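Both complexes below contain subunit A, partnered by subunit B and then by subunit C.
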Partner chain A sequence: MTAPGAAESGGDWWGTEDVCVKFGDTLALDRVWFRAEPGRVSAVVGGDGAGRTTLLRCLAGALAPASGRVRRPARMATGYMSAGSGVYPDLSVTENLAFRATAYRVPPQQARERSAELLARAGLDRVGDRLAGQLSGGMRQKLGVIAAMLHRPDLLVLDEPTTGVDPVSRADLWWLIARAAAGGAAVVLATSYLDEAERAQDVLVLDAGTVLASGTAEQIVAAMPGTLTITSERPAGDAGRRAWRREGRWRVWDPAGLDTEGAVAPGSRDVVMPDLQDAVTVAILARELALVPAGQESR
Partner chain B sequence: MWAMIVKEFRQLRRDRRTLAMMIVMPVVLLIVFGYAASFDVTTIPTVAAGPEAGQVAHLVGEPFHVTATEPAQGRAWAEQQLRDGNAAVAVVTGSGRPQVLIDGSQLFTAKAAIAELSAAAAKAAVNGPAGGQASQPGSQPQPVVTVLYNPELNTSDIMIPGLAGVVLVFVGTIITSLGVVRERQSGTLEQLAVMPLKPRDVFLGKIVPYFAVAALDLAIVVGLGVGLFGVPFRGSLAVFALGAVLFLFVTLGIGVLISSVSENQGQAIQLAFMVTLPQVLLSGLIFPLSSIAVGVRWISYLLPLTYFNEISRGVMLRAEPLTSLWQPFLLLALLGVVVFTLASLRFRADLAPAAPRRGSGTPRGPESARGAPTATSAAGTPSARSAG
Partner chain C sequence: MTELPAQAVAVTRAFGHFVAVDQVDLEVRPGEVVGLLGANGAGKTTLIRLLLGLLRPSGGEIRLFGEPPSRHTRRRIGYVPQGLGLYDDLTLAENLAFSAAAYGEGPEAAAVPTPLRRYRGTVTGALPLGVQRTAAFAEALAHRPDLLVLDEPTSGVDPLARARLWETVAVAAVAGAGVLVTTHYMDEAGECDRLVIMAAGRVVARGTAQEITGDTRISVVQAGSWAAAFGALEAAGLPVALVGRTLRVPGAPPDAVRRALGDLPAAVTSAPATLEERFFELTLSSGQTEGPS
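And now, the complex of A and B:
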């Protein structure tokens, strides 16, 4: 039997089993179960402080959990990009990759070929001599992803690879991510963009260190309880606590079905089909409402 | 401007280490260095050789303090005592005028000895021999004074061997501490922690380049000292190199140790400064160790530069062999083992999967801090939801 907090390898999936992480008195991860399978991209979503980075650090082996088990491959078969790209700003693009290749014992010829291919596909082939610190944010993120996947890891852990990246670079990054998954890696990435999470095969929704939902985006959407309506004005009363603004209009969640007690007449609302963003918002909202009884909310 | 002032005070209040540096350190430094900053030589360790060695203590008086007398020995023994640092002055008695040998590598002590001897000679010329022995005029001929190892009493001759150590302190301590803490600040230390590298490899890989640069610096400084300033290099290059390697071992270890207890480069520089300044002022480089107040002098014996000074001056100026320098070598090695062990343990802990620290709301490092939870769920706040 493996001791609590220990890492295991082997098997056909990587992830966490009942993992808890505490920072002082704060529970950063509360009994988190997570599974990343080879050849699939898993997105970990949640707001700031949800525990995404903590979970990724556990997976990568940078953080030891207080309890539970982490299943991950050997270090040699794990690739990790910490938030902020994790590359050396005072090394050039090619020097950064050469360092990674040497550390992961990638044969020089193979490292050169793979670096050249990935850099070319990511549009970085013309900046090979430029210092990483002189790259734009998006270019640096791409370099971070390439460095993390250079040695063809079995588990690729990417912390917010697309944050602050322009749409073109984001497309490049997703090509790299898909390429890693196609090569058989289990890719786990944290993101705050829910539209982007929909591109992943699996999604884990975290909030305040707990798992709110997991599965494919479709499964999470299908599991959303109640109905969602859209209106131009925020409803008054209790319904207002279940409303949020999106794309210029108000979305109102009714846990039990169509809300008939709201201040806005039911006829003025349209029932909408929720997407992942709605489902995640509802999951977080449901948790908040369960924690904060009506009339005690601070908003 | 008021907003800026308030902001700065708030930031300063939270940066306890800087605050302590600004308020407590000046007081501590003033007291320590106030007691240390003295060129006054009150005691001059002296040995005597030759048939009348036993009378030397009676004749020379203060501030000469005779520590050993060897009536059966001669000048060779006396020179060896000076070379090995056992005394600053040696008196050789025998037929003819007594010979006084002075160790010029102990600059201030040598100057004090010459001044005392000159004063005594002047007094004797006016009043008769020292000690008021007017009943035996002319029975004490004036000694022949010879300054060894630094006959011209050049300041550069004694400073440059010591400055070589200061250069190593700067490179070894300050630059190394910045190099490692920079990894932490940029988030690459965590990247290293998950890579298939042994902590020992990372540790050695990190310091070997600094070691090489520091060794090159040392060679340049010593080369310039010898070539440009004419400082003699009389001893064994191998002994000097061994001392330098040991000394670098300690200073690089201190650098890594500082970086492992510093959150950022600013803190690392502060700590490195606190370690470096005492080495410059208390190691005997500027003020003679014997002139430093006893209450402060114990600090000198904890500083690696103190021992490197002994080695570099001993080898370069007095051609001291390894056998007579065993004490500073041993102490330097002991310091090296202690510091290096602490540094490697701290470094290993830095690279191990971090267990969340008790009592800290956020773990160290930029990315980990972002992962720490806050009291509220930001994603669930109205602002976050309405922003879409």
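And now, the complex of A and C:
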């Protein structure tokens, strides 16, 4: 039997088993099970305060859980980019990578070749002498990911690599992520963009420290309870609390056939096949409705 | 004639030799949500600063409600900047009161909206990002502006909170405000009536998402081993993107992709491009690089 909070290695996957993390009286992670496999990209999604960063810090070995187990490779075989890129603003691009290579004992020649290749592919080859603190947001994020994957880690953990980044830099970042996975790393990334989660092979949806859903995007969509309809008008009454706007129309979630009583005008509604964005929105909404009973809502 | 909330006519703005905005025409009509898309360095932020009257054009003309930008037109604009523009050290209620006073509005404009009431006495810097965004929207809308300018309004919030922010935008538009919004998130293009794409300081496409994507197609690769196919396409210098276990290759026809794969087992087909892929193509073919920083 392993002691609570212990880290384990070995086996063909990394992740957490029944992990709880407490900050004072707050339960930041509440019995979280998560699995990241070699050669696959896993996305951890959720809003502000969902627990994404806490989970990623556990995986990176930067935080010990109060209970449960973390399965992770040795520190030298882990690559971690904290939120905000984690590069040294006062060092140049090449100095940042040289420093990282030394810390992870990458042979100098190999480090130079791999740095040059990744920098060129990410469009950073002409800014090697620029201080990291003077890079644009997208460039700094790309440097952060390159620094984290430079030593070919078995587990690559990236905290919001693409938040606030423009689409061109985002494409470069995804190329780096795919490259790491193609090389056999298990890649775990936190994101608030669901189109990115849809690109990942596995998805974990967190809210307030608990797992709302997990699996492939298809599995999460298939597991969504109830039905979803589209209407052109915001529905009135109780159905309005279960409605949200998307692409100029209204999605209405019906957990159990409640809307047959005419809350939504007949003829104006169509049942739709949900996608990941719908399924995650439903998961967050269901939780919110359970926390705020009818008649007490703030809307 | 209805006055246009915002209009740029052949507007150019140079900084030294660098032309940030180059001969741009743009209109925002009442009740319309216009999405402004562009990579970093495309000129979006400079264009917004020109429209707000914070910068003067080097050439061309900016008109707000039919007249040049002035203190008078500024009062009719609601603006949510990327950094939200709230005072971290003031409580939420103090932020709203300060803004209402700055716009010369009465206490009704300073009222804290119901969903935010439980946070009214909290120092704004300590609030969750989603709450701060909602507050910044409330502040920008309190004086019932006729033009709403939003710079990446939904960055970093969950999908339900994002849907609610877009609902706020839609309500303002239905009430007659013109809305100009920038986003890096192509899924949100569907919330806009019209899109304008900028690259290298110029407008390179405009219309609905469907009109902009048109009949552009890309190649799709389903391989036995995506990692091996990724390596082969990469070695051939093709711009390859991983989506699940599928590879998407914009800008290369299926036969070229097939050749690059050599004898790897893979099915290569073609599929309609997404807006993001089309955007990518437009930006690359404009020759844009990130501007000087």
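One rule holds for everything that comes next: the second predicted complex is superposed on the first by the 295 of 299 C-alpha atoms of A that agree within 3 Å, B and C clash if a C-alpha of one lies under 4 Å from a C-alpha of the other, contacts with A are read in each partner's own complex, and residues count from 1 in each chain.
Note that a residue touches a chain if its C-beta (ideal position, glycine included) is under 8 Å from a C-beta of that chain, and two chains touch if they have at least 3 such contacts.
In this text, all values refer to a predicted model and were calculated from it rather than measured experimentally.
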First (subunit B), second (subunit C), both or neither touched by A:46: both
First (subunit B), second (subunit C), both or neither touched by A:182: second
Touching partner for A:245 - first (subunit B), second (subunit C), both, neither: both
First, second, both or neither for A:23, with subunit B first and subunit C second: first
Touched partner set for A:142, first subunit B, second subunit C, both or neither: neither
Partner chain in contact with A:165 - subunit B first, subunit C second, else both or neither: second
Which superposed partner A:71 touches (first subunit B, second subunit C, both, neither): neither
Subunit B versus subunit C as contact partner of A:83, first or second or both or neither: first
Partner chain(s) touched by A:60 [first = subunit B, second = subunit C, both, neither]: first
Subunit B and subunit C contact sites that coincide on subunit A, given as residue numbers: 46-50, 207, 244-247, 277, 280-281, 284-285, 288, 299
Interfacial residue positions of subunit A with respect to subunit C in the complex: 39, 41, 46-50, 134-139, 160, 163-171, 174-175, 177-179, 181-184, 192-195, 198-201, 207, 217, 244-248, 277, 280-281, 284-285, 288, 298-299
Residue ranges of subunit B touching subunit A (in the complex, touch as defined): 186-188, 190-191, 193-197, 352-363, 366-368, 370-374, 376-382, 384-388
Subunit A - residues contacting subunit B, complex: 21-24, 26-28, 46-57, 60-64, 66, 74-76, 78, 80, 82-89, 103-105, 159, 207-209, 244-247, 277, 280-281, 284-285, 287-288, 299
Contact set on subunit C toward subunit A in their complex: 37-41, 114-115, 117-118, 128-130, 152, 155-161, 163-164, 166-167, 170, 184-187, 190-191, 226-227, 230-231, 234, 239-245, 276, 279-280, 283-284, 290, 293
